[in-house]
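Two complexes, one shared chain (subunit A), two partners (subunit B, subunit C).
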Partner chain A sequence: MNKLSREEVEHVAHLARISLEENEIEKYQIDLKMLMDDVDKIKDIKNYDEEMLITPVSHKAELRKDEVGEMLDYKEAMKNVPRSNGNFVEVPVMINE
Partner chain B sequence: MSNYLDLSIQEINKLLKEKQIKPIDLVNECFDRIEKNKDLNAFITLDKENAIKKAIELEGKEVDNPLFGIPIALKDNIITKDLRTTCASRMLENFIPIYNATVVKKLIEKNMIIIGKCNMDEFAMGSTSRTSYFGAPLNPWNKERVSGGSSGGSVVAVASRQIPLTLGSDTGGSIRQPSSYCGVVGMKPTYGRVSRYGLVPYASSLDQIGPVSRNVYENALLLNIIAGKDELDLTSSRKEVEDYTRLIGEDIKGMKIAVPNYFMSDIVDKEIKDKVNEIIELLKEKGATIDYIDIDFIENAVTIYQIIVMAEASSNLARFDGIRYGYSCENPKDMEDLYKRTRQEGFGTEVKRRIMVGSYLLSGENANVYYNKALQIRDDLKKSFEKAFEKYDLIIGPNATTVAYGINAKLDDPRQTFFDDALVMPTNMAGLPGMNVPIGFNNENMPIGLQIIGNSFEEAKMYKLAAFIEKELNLNLDPRGENNG
Partner chain C sequence: MDSYKTTVGIEVHAELKTKSKIFSSSANNYGKMANTCTNVIDLGYPGVLPTLNEEVIKLALRAALVLNCKINKTMHFDRKNYFYPDNPKNYQITQNRTPIGVDGYVEIDTNNGKKKIRIHDIHIEEDTCKSVHSSNKSLLDFNRAGVPLVEIVTEADMSSAEEAMAYLEKLRELLLYADVSDCKIEEGSMRCDCNVSVSKTEKYGTKIEVKNIGSISNVGVAINYEHDRQIALLEKGETLKEETRRFDDKTNSTVLMRVKETGNDYRYFPEPDIPYVTLTDEYVKEVEENIPMTADKRKEFYLASGISEINIKKIIQNRTVSDYLNKFIDKKINLVIASNLLLGDIAAYLNKYEMTLENTKLTDDKFVEVVNALDSGKINSKIFKEILEDVMEQDLSLDKILDNHGVKEMSKDELLDIIKNILDNNEQSVNDYKNGNDRAIKFLMGQIMKETKGNANPTLVTEELTKMLEK
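Entry: the complex of A and B
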């Protein structure tokens, strides 16, 4: 069966910042290949012109006035943080001495 | 137990106004029905305590609008302050939002009563709701079949008459396709008609919130209150909100309707095409004109959808990092480990697949080869639709290529979910409104739906045609035992 190499799967998993178990790698070698072959069909489609549609809105983008509005309560904002220490969000050590 | 929830919204409204019933009667009945239909797995989280509190609060208030006191439930990707919002994912299993989505604020302003949150595909990625971390909802017409997706729970809840109205979201058919599988009315409004503020984003340039209901009129009533400009959503439109019920009941004579040839091609089951053809004959007989047309690039919609949706999803879901909210892996040894294991353990297979392909499509030179090219063809597809709408009022066809299939069928091919939505995703590409109206059943008594596509911001015209068809067919769309004729 047509499939991606281990390295290719590990590469896209890294791009997406996802770890994979051994059995997952095998499954994705096939699954991702099927999807990638499908999206490759785009290369054969002949477009009218180069114009792109990024978002289907026709109105002009309006920005809000740059002024202080309603703010989140501090305690509320921290409510869903998985690891915190006092008023701080905790993350693993980034720089070693 | 009473059966007020079998009445129309207008009848319920009259009883509330005349004080023959109270909102609490509706809430109690609703929870009773939910309890009896537990096996359908339509809900992820219920909020009985607050719903009862709200209902009692409303007793002292004037019944000032058609949806006052009506119970409603929301797809679980629409955030609700202090009420768990999971997106049917382990990643958000314990997530309690700290603010309300704009649509939620609007429902509360109209004194609707929020009952709970509906089951769905994880992060709305799927066409059967089987990717839900909480198990799939079941089709009330046959519990061994899928509900469709991704708004499966929202649709099942209404179809099984647990609740009269729900909200879903539609990125590539996620309101219309399950509505077609379960025999309810579902509307994906024009992109920008309803604020997306507080809708957990999947593919931001395609996502839109819309109403699910038992009938056309009630669907329009709900759109009336959720539509409109929102300062918190740049893409929401200032275009005036009209009364979407205003054309319902009008004659369809002289309406110009197009049927794309692609919609009646071999990819669609014969039984479905036969049913759609019956509708075409009916509409001709009643004075509408029907032409078969080609819409350039419509058959490429699946390919460009796959690229745009996976690219936007990979970017949107990058926010789940295990740091600020949501699931976080145990004992991360460094930042990289925190990101990678959190996402490995927190996301399901379908989500991981899409994020990985999406990241690949956006990396380096691929962005030009795939994403930019997809956006170019998307523009061409939109132009083809625009050309059609210069001549026609509406476009119709089937919503789905098949009826709802077996709960364990078609699980092997990761592309299946995209094929299931081949007929509904072109409208999302062009930002157009699309809806499902039930038009009958196949020989196994599974519902079949008609897709109606309108020009931008012409939802009222779509409701007019849908209501006309609904009245002419007068189908019994209630799947419950003896009521089902």
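Entry: the complex of A and C
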């Protein structure tokens, strides 16, 4: 049966920061391959003259004047932060050297 | 060892000088208390929509034009997807497929003459938040999240640390003088990442990226370090792997950060929340016509005004001085004298009192008076030094200040009398001069200057003295 390699599934899972059980890896090796085959079918459409559609609306981007508007109060901004440290948002250490 | 060729490509991120952020109306301010310049868009709240700042397009277009790029008149933005705490949306809005400018170049001076460093592209993107790391935690400041950036990517056209540094100096000068960015490397508003490889053949070697280099001179140090390190490894028979390293300015070396993700892992796709941006020909023309005078044009102009190359270099290095000097271009003053004052006595005064020109009492009119007085010989530089503090600190005209110092202009007749007297009393020197002893004239000059107590214009004295001696 045509399927993705274990490494490919593990790599995609890592990019999405998802941890997979052993049986899930095996399932996705097949499921993801089927999805990709479906996507490949779209590539077969010949009529590709139209410019790429990046948005469902046809108007051009409305630009904003360069003016400073209202900002969040610091305390308000911190309400959804699990851990803070002084004025900073604290997260687990990001650099591993 | 010399058979190895070094190849360098550089990516520069420059923050744009706007009032507000790229996709939100939060302030684009450096140095404020952490997390006080944010709103829900910068913090990546669900359901919020970005709106593009028109000034960002203008400044990025200016940058693309001064880098001699072809302009993409229809652009869109793309999402670059990655999970990292510096960007809570988990994607950065950038331009992948339609960068605002492509195929440009920057011309640098090298030991072998001019060299064009090709610009692959310049694209617009949002900055991430700033992170500070300690051994067990990282601290985030979202004031920087959403600050507008341009990323400028060169081809791998540089072949030494010197060329890389020359490119960065030139790029900085271009962006600074186009008012695109303040390019303060120490504040992070200009950041350089270098890709360095070495190879014995025409094929490029393995690309090593060095990040976190805090000054242009350290870019040179990092490239030389990488050159030596990579060759040493290859000579030991090891193979190099593509990786990202960090420059450590305490040890002047580079440290491994991470094995690099490849471009595909970012899964770029068009940003559907921002429709196409189109630039009309008229708009591009208007932006191009309003680019402030470039450093190169200023240099040409100063050179034509007779300013020395050393002084031109000093002026260009200090944008404030250059802008100040340019205010007087139409006033037809002697720019050589004006620049000498600005770089000499006035700069020394400002340094001494840690002041800027704006908070002194030196008005434009007074500056013109001073330059003209020096030019005509009404005052000399010695007198100027004496009255300098009053010129800078008092709300008085030059004439009034001169009056207060008891300096009165010496009439030509008075000067001629003094010269005649000196010649009469120094017959020996006069004869020496006539017999071809050039040193005699210096002695006579000295006597005259002493007698006039420095109130005479040296040029006029030399002129009149020579005339009388030749009689």
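Everything below uses one rule, namely that the second predicted complex is superposed on the first by the 88 of 97 C-alpha atoms of A that agree within 3 Å, B and C clash if a C-alpha of one lies under 4 Å from a C-alpha of the other, contacts with A are read in each partner's own complex, and residues count from 1 in each chain.
The working rule: contacts are C-beta pairs under 8 Å (C-beta built on N, C-alpha and C of every residue); 3 or more make two chains touch, one makes a residue touch a chain.
Predicted model, so just to flag it, every value in this text is computed and none were measured.
Contacts of A:Asn87 after superposition on the shared chain: subunit C is touched, whereas subunit B is not.
In the superposition on chain A, contact of A:Leu15 is made with both subunit B and subunit C. By the document's definition of touching, of the two partners only subunit B reaches A:Lys79; subunit C does not. When the two structures are aligned on the shared chain, A:Arg64 is found in touch with subunit B and with subunit C. The partner that reaches more residues of subunit A, of the two candidates subunit B and subunit C, is B.
By the touch criterion defined above, A:Thr55 lies against subunit B and subunit C together after alignment on the C-alpha atoms of chain A. Touch criterion met: A:Leu35 reaches subunit B, while subunit C stays clear of it.
Once both structures are placed on chain A, subunit A residues 15-17, 52, 54-57, 59, 61-64, 72, 77, 89, 91-94 are touched by subunit B and, in the other complex, by subunit C. Listing the residues of subunit C that touch subunit A in their complex gives 18-20, 24-27, 33-40, 43, 51-57, 76, 81-86, 131-142, 246, 255-258, 265, 267, 270-278.
Contact residues on subunit B toward subunit A in their complex (touch as defined above): 95-96, 98-99, 191-192, 204-205, 231, 234-235, 237-239, 297, 300, 302-304, 306-307, 310, 314, 318, 322-328, 332-341, 343-344, 347, 349, 352-353, 355-361, 363, 369-370, 372-380, 382-383, 413-415, 418, 429-432, 456.
Residue ranges on subunit A touching subunit B, taken from their complex, read 9, 12-13, 15-21, 24, 27-28, 31-32, 34-36, 38-39, 41-43, 45, 47-59, 61-64, 72-73, 76-77, 79-83, 89, 91-94.
The part of subunit A that touches subunit C in the complex is made up of residues 15-17, 52, 54-57, 59-72, 74, 77-78, 85-97.
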